[in-house]
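Given below, in the form of structure tokens, are the structures.
Across the two complexes that follow, subunit A remains constant while its partner is subunit B and subsequently subunit C.
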Partner chain A sequence: MRGAGVYLVLGLAVLVGAALSLTVTRSGLPLMHDLWDLWDTDPESAGLILWQLRVPRMLLAILIGGALGISGAALQGLLRNPLAEPGITGASAGAAFCAILAFYFGFADDFPLALPLAGIAGALIAVTLLYVAAGRGAPTLTLILAGVAISAIAGALSSLALNLAPSPYAAIEIVFWSLGSLTDRSMTHVLLAAPFIVVGAAMILTAGRGLDALTLGEEAAEAMGAHLTRTRFLVVVGTGLAVGASVSVSGVIGFIGLVAPHLLRPFLGHRPAALLPASFLGGAALLLFADAIARYLSPGPELKIGVVTALVGAPFFLWAVFASRRDA
Partner chain B sequence: MTVWGAVFGIVPSLAADAPRRVASINLCTDELALLLAKPGQLVSVSALAHDPVESAYSALARDIPENRGTAEEIIPLRADLILAGTYTTRTTVGLLKEMGWNVLEIAPAADLDGSKTVIRQVAAALGTPERAEAIISELDKRIATASRRIAAVGAPQKAVLFRPGEGIAGVASMQGSLLEALGIGNIAGIYGVREWAEMPLEEFVQLKPDLIVSATAAYGASIHAEFARHPAFVGSKVPRIDYPAVLTRCGSPSMADAAELIADGIVALHGSAAR
Partner chain C sequence: MSLAAENLRVMRGPRPVLDGVSLALTPGALTAILGPNGAGKTTLVRALAGVLTPQSGRVTLDGTALAAIAPDARAGRIAYLPQGRDAAWNMRAADVVALGRFHAQRLLRPLSDDDRRAIARAMVEADVVGLAERGVKTLSGGEFARVLLARALAVEAPVMLADEPVAGLDPAHQLRVMAALQARAREGVAAAIVMHDLTLAAQFCDRIVLLADGRIAADGTPDAVLTEEILFGVYGVRLTRGAGFGPAV
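Now for the complex of A and B:
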């Protein structure tokens, strides 16, 4: 059974990534101590760093990487297009815009849940728009253009928020936040995002059979008795919950949702039901490794994780576009 | 949520005595802490504090380890007071407070009066209020002297204070309040600019100010620098005085240095005009 082998490798990758996430320390900063050295000289501080900083960071990398991976696989299945992804479809940009509103116009201070709820609302609006504009097996070009348009709208609104920011300092903070980062998040962030990500991922998983049927085309799927309305609802709402909650905690981290299913398809085939759980694990492993590598490589200023995934993911996207042209 | 701090017993309790170990993770609190702290009290400042382009007091920071504003650097310092800004490193500040560390968030001062309030606020937290009073009376004295020197040669009444690329300083801004303290008329008042406004070069040319004061940043290459090189800006016949932007960025006591540079400039311009 080749599926079992793939899951074994993915599970190992997540474990190794988690171990790296807990142990890798940023280099090149005079005050930054290696965690193991610190354990000898100042075990209390080392304990705080491990439990209050590294553990939430690791959990968020797993949850957010997983959410992005499974959402990418689900969107690719629903839109029957291997180039769909939360970032490219505008879901992340929509979530980021609404989270910025919640942050900088004060709702997040009065009511902590406002942040994930705003992110989810933004992602839901974007995914719904995309589905209306380019759903049901539209050509690749339409999908990408619709995603570009939705991202552009969300980007324009975010720029408006930047433009109207109460001070230059707030503007700089918005820019840095939107680059995407997992640094110095706490258990509160984990607790805020985890329920939405878990529920969203579960909704997407239950859509697996419907997505499998959909690979044969809508009419064939309906003839087989698949409830397409239900499948669409599960994927759109599940993606909105998972991506919205992720982005509201970490900022925009792109391309994980594109890369994870692509890497797994050669091993697991094209059935969405098989790809969905594997893409969760794959996305989690990718983000754990990306975060550990970014931390290890950071010169002076922090290398933002969203910048790292974009630097690797965007060329991958270009390659995927060429590959899909060749196949067509 | 001080669970872990309480378990390990290392998060210092909020004591009434002066803090012994202070860390700062914001440029403007760095500047004040460098001036106000007792020797050995300040254990870390932000990386920007070491950069002479960004900080007015980089020389004082030389021997103090720098941080990049992350919790992993701050926790092992066991600081009993952490100074932060209200706009920067928000997630780190949130986390440190959640863990029970004593974080004092200092809002950036809006104008000269506000900066005195902030100086007193930081000094009170450091347990050095007498230093604040000495610094503030010195600041007042130097600005008053500069103002008298300017008045003696006739203060400009239609000055514009430029932050190149950012626009003009309004009457209620840090730089605008300095002009006011020096008795210099600010053209921004006529145009109803309170904080700051973007000033297209076209409009600037039509404004016909009698003095340009330019807070100039010494970055390597920047869009701001390009603006300052524009012929309309450089070639206008209006006399111009430059001072390093870093002197008035935070509203630190280095405001007095800016005041003296502006006074020197006006006195020199008057001398050359009289000749």
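Now for the complex of A and C:
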């Protein structure tokens, strides 16, 4: 099978990334032996550090990186545009706004599921709006403008919530959360997000065939027997679930969904369906590495992972815009 | 399998693009749909293919309304090559041709031997075997057009509709593609193609449907339809038939 080698490499990358995620600390490279030492003297604390801090963080990096990667690949396939991505399309901003509302009104304290549900609602609204506004096979410019508009609306509403925040402390908490981070997340966060991400990713995977057909345009796809209504539904709801649940747990982590499919596409014969599972693994590996690097490089306060991905991803996006102009 | 349109009417704004068109495509015949720009040729094949719903009238496949047939069942019976030639991704030409077997495939099921045979045959007929490994975005317009035709041929449907399959092809490939379509018709396929080249139509097609202003101006054998008077009535220029068609002197 073509692409088997790609999956092997991606699987290895995820494993290495996961190992790094478990072992790298701020004070240096593999400090696993510190943990080993601790294990000898104080096995209880060592176990706590591993299971309460490191493992949830690693699992979240895999789940959220994967969710962003596969969502990016799916949105690109549906909109037939290599620049589509949860962040650029406004899905992340919509999810962030609704999650902020859940924080703000304190729903999240009484009812933990409120957070992912709010995030999912926000992402769903944003993706649906984008799909209606930009339409199918819209030119890149329309797509990006629609995404900018949706992000701007969600951003404005988020700012309003901050502006009206009851205390500066609450405002700072919200700002820090929205920068995007995997720090201090617990197994509870993993369990909150995982089911939605898994269901969302599964929905997206079943839409793969339809995305392949869409390569030749809507009319050709329809003539080939693709159920386009079903494909659209699966992608829109699947990304809504995956991105919404991710953002509600980690805040906005941008550009993973743009970079992962972009890098992998040539190795999978540019086939949208084959790109979906690969982008999940690729996104997971990217986020694991980005998180480990952010932790290792942090000088004073820990770098927020969302800041790191944006610093690397935004120039990449600019380059992709130039590249797409060259092609056109 | 026969595909029939009854009294099709399609409006674009206040203007009818098709106005009372009835047409039946029968197995074994290659039909050319000719007519000036804007006559409604593309609209007619889109309606026949089931990707456009007419305001009134209906299209039936062996007596069953097209709208009542499930998309994948319809896709296996009617192969349709749209006019738009556009690929979003730089997929390999062989993978694009394989999309012709879309209707026969299911999630996670690899191509069957039957699928592979249909794909290989279509690639020979459209002369794209040498392009198999190339990315479609690196192909020339004519090469890509042939890849898309191979995709439609790979369906191996009993009804085949193609919108300008020879536009943009070099003369040798025009002849080769027309011969392949004619051969398919001889095997019992009901085939209709939109085209502009009167000479090729006269040479390869069994039947000519001449559209003008959304109506059928003439329908019959090439000899009956491609006469100087009828062509003058539709195109407004005097064309005579010599070795091919040219301006009357």
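Convention: the second predicted complex is superposed on the first by the 313 of 328 C-alpha atoms of A that agree within 3 Å, B and C clash if a C-alpha of one lies under 4 Å from a C-alpha of the other, contacts with A are read in each partner's own complex, and residues count from 1 in each chain.
To be clear about the criterion, a contact is a pair of C-beta atoms (placed from the backbone, for glycine too) under 8 Å apart; a residue touches a chain by one contact, two chains touch by 3 or more.
This structure is a prediction, so every number in the text was calculated from the model and none was measured.
Of the two partner chains placed by the overlay, neither subunit B nor subunit C lies in contact with A:232. Of the two partner chains, subunit C is the only one touched by A:270; subunit B is not. Within the superposed three-chain model, A:262 lies out of touch with both subunit B and subunit C [touch as defined at top].
In the superposed pair of complexes, A:222 makes contact with subunit C only, with no contact to subunit B.
Once chain A of one complex is fitted onto chain A of the other, the partner contacts of A:209 are limited to subunit C, with no touch recorded for subunit B.
When both complexes are overlaid on chain A, the residue A:302 reaches subunit B alone and has no touch with subunit C. The wider contact with subunit A, measured as residues touched, comes from B rather than the other of subunit B and subunit C.
Residue contacts after overlaying the shared chain place A:47 against subunit B, while subunit C stays out of touching range.
Put simply, subunit A uses no single residue to touch subunit B in one complex and subunit C in the other.
Chain contact summary for the complex, subunit A toward subunit C: residues 77, 80-81, 137, 206, 208-209, 212-217, 219-220, 222-227, 265, 269-272, 327. The part of subunit A that touches subunit B in the complex is made up of residues 25-26, 29-33, 38, 42, 44-49, 51-53, 167-170, 172-173, 177, 181, 183-188, 300-302. Touching subunit A in their complex are the following residues of subunit C: 46, 49-51, 71-76, 78-80, 82, 84, 86-92, 95-96, 99-100, 102-103, 105, 107, 135, 137, 148, 151, 155. Every residue of subunit B that touches subunit A in the complex is listed here, in rising order: 1, 4-5, 8-10, 44, 47, 65-68, 70-78, 85, 87-92, 94-95, 98-99, 108, 166.
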